[in-house]
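Okay, structure first, notes after.
Per-chain numbering from 1; labels A, B, C, D, E, F, G and H assigned in written order.
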C-alpha cells in the first residue's frame, strides 16, 4: 500500500479546538506539511494571533510566540530581527491582521520584513462570537451588523490587493480552501511564501478565504458554498504580486 | 444600610439595598440555587432564563448568569440561576441545590458539586448509567425520547423543565407557564409545542 | 483483493461532513454512533469504490483520515 | 415593570436613554453585549453604532465626538482598556466628557475571560501618563448599572471629565430584574459652548491638550488639580450595610461586595458585629465616609477579585489606626463566602494582621 | 487697483511658528482660502495632528480639535459621526498619517468616512528634529538613518497609491507645492476633496509633497528643488482616484 | 577616563555594552537621543536599530525579540509609554525580559516637553490591566543611568520580567561626566532555554500569556505573585544621605532628589537635622529601608515633580507613625531648593501636616 | 503712472526667499535690515517690472505679500 | 550616605554619592552657574559644552543641560552649565552667576534672572542699547564684528568664550583651550580659527 495521505510531523497529535468543519484546520495542516517538507520545523518560530487560532501553539510542531490581538506581525518582526536566520511566520485572522493590526501588517510590508504572514479571512470575528470584521461583506448579518452590513459601516477591505501595492511586499497571494483543488493551490502559495522568506526577498503574505460555520449559522458544507458564491467574487484572487525575478517587482 | 451613607447628588439609594434594610438580617428565607448544564444547543441557558423570568414574575429576587468563562468551543454550556425571597449576594452557584445535566460531560462535572439533600436531574436519553451519590436525589428522565414523541427533539429541555417544576418548584405552575410563554410564545405553533412539552414533563414526573 | 483504503481516526473526527461532500465516489457518510466527544464520526460506506484520490483527506480539517492506495499488483 | 436584563445590555440601554447617540467600540469578551446591543438599538434611536478598527481608534473616536459636544461612550474589557490609556490621559487634559465601561477580565496579558477587579489601580491611579484621574463608578447590581450609567453621562458633562464604569465580568454577564428608567433623575445642564462643532455665529473654539511652556503646564495642572479636588469633595459615593453597630468592617465593591454580604450574614449569625463599607465611586475613593467609621472599627478587611489593590486605599484612609486585612481571589476565580469568613477570622479576629 | 492676492478670512492673523520657507504655510493658506471660498468656515471642524502642524488651531479660522499623534482620522471620524452635517478635515504629517496613524487612515478610507484628510509629506519627522519617516527616501540621511536609509529600514510608503485601492476612498490625489502652478493645482485638488465630502461621496485624501528645509539641512529654495528632483520621481502624482461619476469608482 | 555624555545617550551606550543588539522604538521628545544614538551605534556593534511604526508596534517588537531570547530594549516618553501599557501587561504575563526607558515629560495629554515624574503611578502601580508590576529603577545621575541600565538587563533576565528605567526629562537631556564601563559587574546568567527561537534538538517552546480556565489563571497569578514577592524581598534599592543623625527625612528620586540635596544643605546649615531617603527602585518600593528609619524620624516629606504620587507609598510605609508632607511642581516646572525648605518648614516644622 | 503693486508685510516675512526664487521678473530680493524678529525681510527692487502675476504671493508660506494689479486705464 | 543603605546585588554605591560622603556637608566650595542664550545657530550650546568639558578636565563637577522644553521654533536656544567643586544638585540654573546673551530676546529674557553681583555678557553687535541693571556687571562686546575681523562670523561665540575666560574664569586658560580643541579641533584649519577666536576674545577683554 502506498500512503497517499498521512499526518504530517509539522503538527502535534493534539486534536484542535476548532468547531466541526472549520477550515482553520485545513490551513493548519498545510502549514504543518510545509514545515515538514521544507525541513524547517526546528528553525521556525510561529506567531499566534488572538482569535480562534489563538491556541495554535498546541498544534504547530515548531516554537510559537503568542501575540496580543493585532500585534502578531510586530512580534514576528522582533523575533526575526533578533534571529535573522530563523523562519518566522504569523498566523492571523482577518480581524487581527486587517483591523486592529492593520498598521503592523502594512508597515511590515513596507519595511520588507523577511517574514511570512498567513491571513485567514473568514469575514467575521470568530473568536468573540461573530461580530462584523473589516472583511464582512455588504449585506452580511453579524452580531454587530444585525440588519446586515450597509455602506455606513464601510466596505469590506481587500488587504492583499492593498499589500500588492507596497514595495517591500515581495509575494502576495490570495487563495481559498473550499475544494481539494483549491487546497492544493493554497499549499503551493504558502510554500512559495516561505520560499520567498528563505530567499530573503522581502515580506510574503498569503490570504486564505476560510469558513466560520458556527458564526455564519450554516453547516460546514454550506459554508464552503458560501465561500464560493459570496466571498470569491468580492476578493481579488491569485498571485497578486510575485518577486521581481518572476516578472513582478517594482513598478 | 445607613441612608446617609449614600451621597445624594441625585442618586437614590439602590432598590435592593433598601429592600435589604427592611428585612431583619436573621430571617431565614428560601433560596434555590440552580446549575443547568449541557451541550451548547440543548437549551440549558434558555431553561435558566425561563426559571429566572418566572421567579421575577413571582416577585422573588432572581439572578441568572452564564458560565461565560474561557471554556473551549464544543464544551458544555451552563448557567447558574438563583431564586430567592431575599437579596442575592453572589450570583454564581458553586454548590447547587437543584442541578440539571443534559449530557454526560455535565453529569461528570457537576455530580459532586450538589449540596447533600439536593436534586440532580439527568437526561437519561444521553447520559449513560454512571455511578451516582446516595446523599442526593437523582431523577433520570429520557427527555430526548419524550420530546421526540411530541414531534420535536428540540423541546427536550422544556420537558425537563416540566419535570423539575413538578418535583422541585420554586414558583407556581401558572407563573412558570406564563414565563415560558413570554419568552417562547411569540409564534402560536411554538407556544403550543412548548406548553405541551412542559405538560408532558410534569405528567412524566407525576408518574414517577 | 487489494483495495484502496481510507483509515478513519474516529476519535479525531468531528462529523463535519466536508469529506463526504467532496468524495467523488460517494464512499463516505456520517455514521450513526457518536464518538466519546459526542460527534457522529464519518464512516466508509463502500470501500471498494474508493479510488484513493485523497480528496477527503485534503478537506478534512481534523486530520481524521489517512489514505492508502493499493500499489500495482498488490 | 421589571424586566430581566444582562448587565452589559443594561449599560447600553441606560446610555441610550441618557441621550448617548454614538457608541464607538471594538468587540471583546466579556463586554461584547454592549456593542452588540448598541448595534441593534442605536439605529432605532437615531444614533450610530460605530465599530472602530481597534480600541486605540475607538477611544479617539470618542475623543472627537466628545470634543464636538456629543454624548458618546465606549465599552471594552481589560486589554482593550489598556490600549485606551493614552487616550484617557488626552481626554482628561482636553477636558472632554465621555463614558467608558471597563468590563474587567482576568489579566495580566491575554489572560482569561473570568471576572476580576484587577484593573483597580489602572482605573483609579491613572493608567496613562501624567497627573489625572477619571471618575470611576462601580455598580454592584444590574439596576445600579442603569442608574450609574445615566449619572455617569451627567457627571462627565458637569466636570468635562471622562467617567469610567468599573464592572467585573460577572456583573456584565448576569441577568437580574431591572426597572427603567431607574431612579436617577437627569440634570438640566448648560449648553456645551466650548465644543468644537462649527463656529457659525460665535468665536472659534479649540479643544486641545498641550501647553507651550512649563509655566502654562503647571497652571493647567493646578487647574485640573482644583477640579479633581472638587470632585473629591462632591462625588465620593458609597453604601453601608450593618455598620451602625459594627466593630469590624469589610470593604468591597461590585461582585465581591455581594459575596461579602453573604459572609456578613454568616458572621452575624455567629454573633460577630461586622458590616460592609461599599465604595461606589472608586475614584474619588470615599475616604471621608470610611474615615467616619474609623473610630468605631477595630479591624478592616478588603475583599477583592485581585491580588490586593483597593486595600492600599483602605490602608491610606485608615492610616494605621486599625489593622487592615485583605482577602482576594485572582485570575477569574471568585471567593466563596466561607473563605471570606475564614480569612476574616485568621487575619482580624485572631490578629493575623498587625496595623 | 485690482486685488490679485490678499489674505484669506479662512486664516487668523497670527504669524505661524513654522520655520522660514516651510511649505506647511502654503498649504495652510490654500485650506484657509477654500474654507472661505466654499463658505464653510462656520460649519467646519478641523483636526490638528501632533507634528509641526500641531499648533494649527492658532491659524485656521474654524473650530479645531487637537488629536494625539496619529489619531487625527479617528478623532475626525468621531466628530463627523456626531455631526454629519459638518465639514470635517484632518491636517497631518507623513509620520502622523502614514506611520503611527496608518491603521486609522486606511480604516477610515475603507469605511468611506465622509471626511477629508490632508496629508503633508515632507519625508521626515519635522517636529521631533528630523528622524526617519515612513516616507523617507532611500539613501536619505536623517537623525535615525545617519548613514542614509537602506533597504533594511524599509521602502518609502506611498500612501495615496495604497488608498486608491480602497473601496471607500472616493477621491485620492497626490500633489505638490513646489512652484506657483503646482500650488494652483494643489488647491484644485483640495477643493475637490472638500466637495466630495460635501457631496457625501466618501473619504477624500490629498497628499501634498512638502518641504522641511530645517531638517533636510538645505535652504528653502533648495528644498523646493529637492521636492522636484527627489520626491516627485518616487511618489505617484495626480488624481489617483476620482468619484464614480467622473469615471472612477469601483473595479 | 571621564567623558561628558547626555543621559539619554548614556542609557543607549550602556545598553549596547550590556549586550543589547536590538532597539525598537519610535521617536518622541525628550527621549529621542536614545533612538538616535542607537541608529548611529548599533550598526557598528553588529546590532539593529529598528524604527517601529508606533509605540504599540515597538513594544510588541520588543515582545517578539524578547520571547525569542534576545536582549532588547525600547525607549520612549510619557504618551508613548501610555501606548505601551497593554504590551507591558503582556510582557509580564508571558514573562519576557526586556528593558524600557520612560523619559518622562509633562502630561497629561499631549502636555509639554518639560520634565516630570508624573508617570510614577503608571510605572509602579501597573498602568496596564491585571495584577502585575515591572521592576522600576530611577537613576539620579548620568553615571547611575549607565550602571542601572546595565543592571536592568540582568534583572530582566533573572526574573523574566520587564524592567523600566524611570527618568525625568532633565536626566535624559543633561550632560555629566561619566565613566565606562561603570561600576556594575555583569552577572553570568543561565541560558534562556525557555525562549522560542527554533526547537532544533529540543522539545518545542511556547511563549504565551493566556490561561484557559480561571483555576489555571489563579495558579498563574499566584506564581507571578510569588515572583513579585521575591523581587520585593531581594530588589529594594535606595540610597541615604545624612540620615544617621536625622530627625526629619525627605523622600525623593531622580532630579528632585538632587534639588532636595541642596535643600538639605540649606536646612542643615540652619541646624535642622534632616536627611534624604532616595528610592532607587520605585518598584519594589524600598519599604524595608524606609521603615528602618521610621522610629527615628519625626516627620517625612516627599518631593516630587508631580501632584503627589510617591507620597502614597511613603504614607503606606510610614502607616501613620509620623506626619508625611508633600511638595511638588508640575507640568515641567522644577522646584527651587528654597521652595522645598519653605514647604518643609510650614508642613513639618510648624505642623501643617498631621499624621 | 499706474503700477502693479506688491505689498510686503515686513513683520510677517521670514526672509525665506521663496518669492524671490519664483518671481519671473526678478523684482524681489532679500533686504539688508532685520525685522523685529530678526528676519531679513524681502524688499521690492524694481516695482516697475512687476507684472502682477502673484507667483510670489502664491509661494509665500507666511502671507507676507499682497498683490494688486493696475486696472486698465488706471 | 550610609553604605548599607544600598542593596548590593552587584551595584556599587554611586560615584558621586561616595564623593559626597567624603566631604563635610558644611564645606563652602566654589560653584559657578552659567546660562548661555541666543538664537539657534549662534553656538551657545557649544560654548556651554566647552565650558563643561573644561570643567571636567579640571576635575570639577559639571553639568550641562539644554533648555529643551517646548520653546517655539526660531526662538532662543539656551543651556545651563554648572561648574563646581562639589556634587551638583539641581542641574538647571534659575539664577545664573554668569550669563551670556547673544541676541536681544535672550537679553530681555535673562537680564533679571542674574544674581546680584553676577556678570552678564552681551553680544553688542546685535543687542541694542537697552536698560540694564546696576547690581550686576554687564560686559558688552561686539563679537560678531570681532569674529568677522578674524575671517568668520561663525566663531563669534568662541570670541565671547575668550572674553568670559579672561574676566570670569572657572578653569585655567590651558584647560579651556584643551577642551575647545577636543571638541572643535578635529580639522586643523578649524582648530586654528578657534584658537585665534579664543585669543581674540581674551585680548579684547584685557583691553577693557
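FYI, a residue touches a chain if its C-beta (ideal position, glycine included) is under 8 Å from a C-beta of that chain, and two chains touch if they have at least 3 such contacts.
Please read all numbers here as calculations on a predicted model, not as lab measurements.
Peer 1: Following contacts chain by chain, what is the lowest number of steps it takes to reach chain F starting at chain C?
Peer 2: Graph distance in the chain contact network comes out at 2.
Peer 1: Give the label of the chain whose average Cα location is farthest from that of chain F.
Peer 2: In terms of C-alpha centroids, the chain at the greatest distance from chain F is C.
Peer 1: Is the number of contacting C-beta pairs greater for A-F or for A-C?
Peer 2: Answer by contact count: A-F.
Peer 1: Mind checking the centre-to-centre distance between chain E and chain G? Centres are C-alpha means, answer in whole Å.
Peer 2: The mean C-alpha positions of chain E and chain G differ by 27 Å.
Peer 1: Can you check how far apart chain D and chain G are, centre to centre, with Cα atoms defining each centre and the answer in Å?
Peer 2: 60
Peer 1: On a C-alpha centroid basis, what's the spacing between chain C and chain G, in Å?
Peer 2: Their C-alpha centroids are separated by 85 Å.
Peer 1: Determine the centre-to-centre distance between chain B and chain C, using the mean Cα coordinates as centres, and give it in whole Å.
Peer 2: That pair's centroid distance is 42 Å.
Peer 1: Tell me, which residues of chain A touch at least two other chains?
Peer 2: Each of 18-20, 54, 66, 68, 99-100, 102-103, 107, 134, 153 in chain A touches at least two other chains.
Peer 1: Enumerate the residues of chain G that touch no fewer than two other chains.
Peer 2: 14
Peer 1: Hunt down the residues of chain B that sit against at least two other chains at once, touch-wise.
Peer 2: Residues 69-70, 72, 74 of chain B touch two or more partner chains.
Peer 1: Please output the residues of chain H touching chain F within their complex, sorted ascending.
Peer 2: 1-2, 5-7, 9-17, 20, 25-26, 49, 52-53, 56, 61-66, 68-70, 87-92, 94
Peer 1: Contact residues on chain G for chain E in the complex?
Peer 2: Chain G reaches chain E through residues 2, 5, 11-12, 14-18, 20-22, 39, 52-55, 57-63, 65-71, 74.
Peer 1: So in the complex, the part of chain E that touches chain G is made up of which residues?
Peer 2: For chain E paired with chain G, touching residues are 1-7, 11, 15-16, 18-26, 28-29, 177, 179-180, 183-184, 213, 219-221, 224.
Peer 1: For a test of understanding, state which residues of chain E touch chain F in their complex under the given definition.
Peer 2: Spelled out, the residues of chain E in touch with chain F are 50, 54, 66, 68-70, 99-100, 102, 125, 128-129, 131-132, 134, 143-147, 152-153.
Peer 1: Chain F touches which residues of chain D in the complex?
Peer 2: Counting only chain D, the residues touching chain F are 56, 78-79, 81-83, 85-86, 89-90, 92-94, 104, 106-112, 114, 116, 118-119, 121-122, 125-132, 208-222, 224-225, 306-307, 309, 312, 315-316, 319-321, 329-333, 355.
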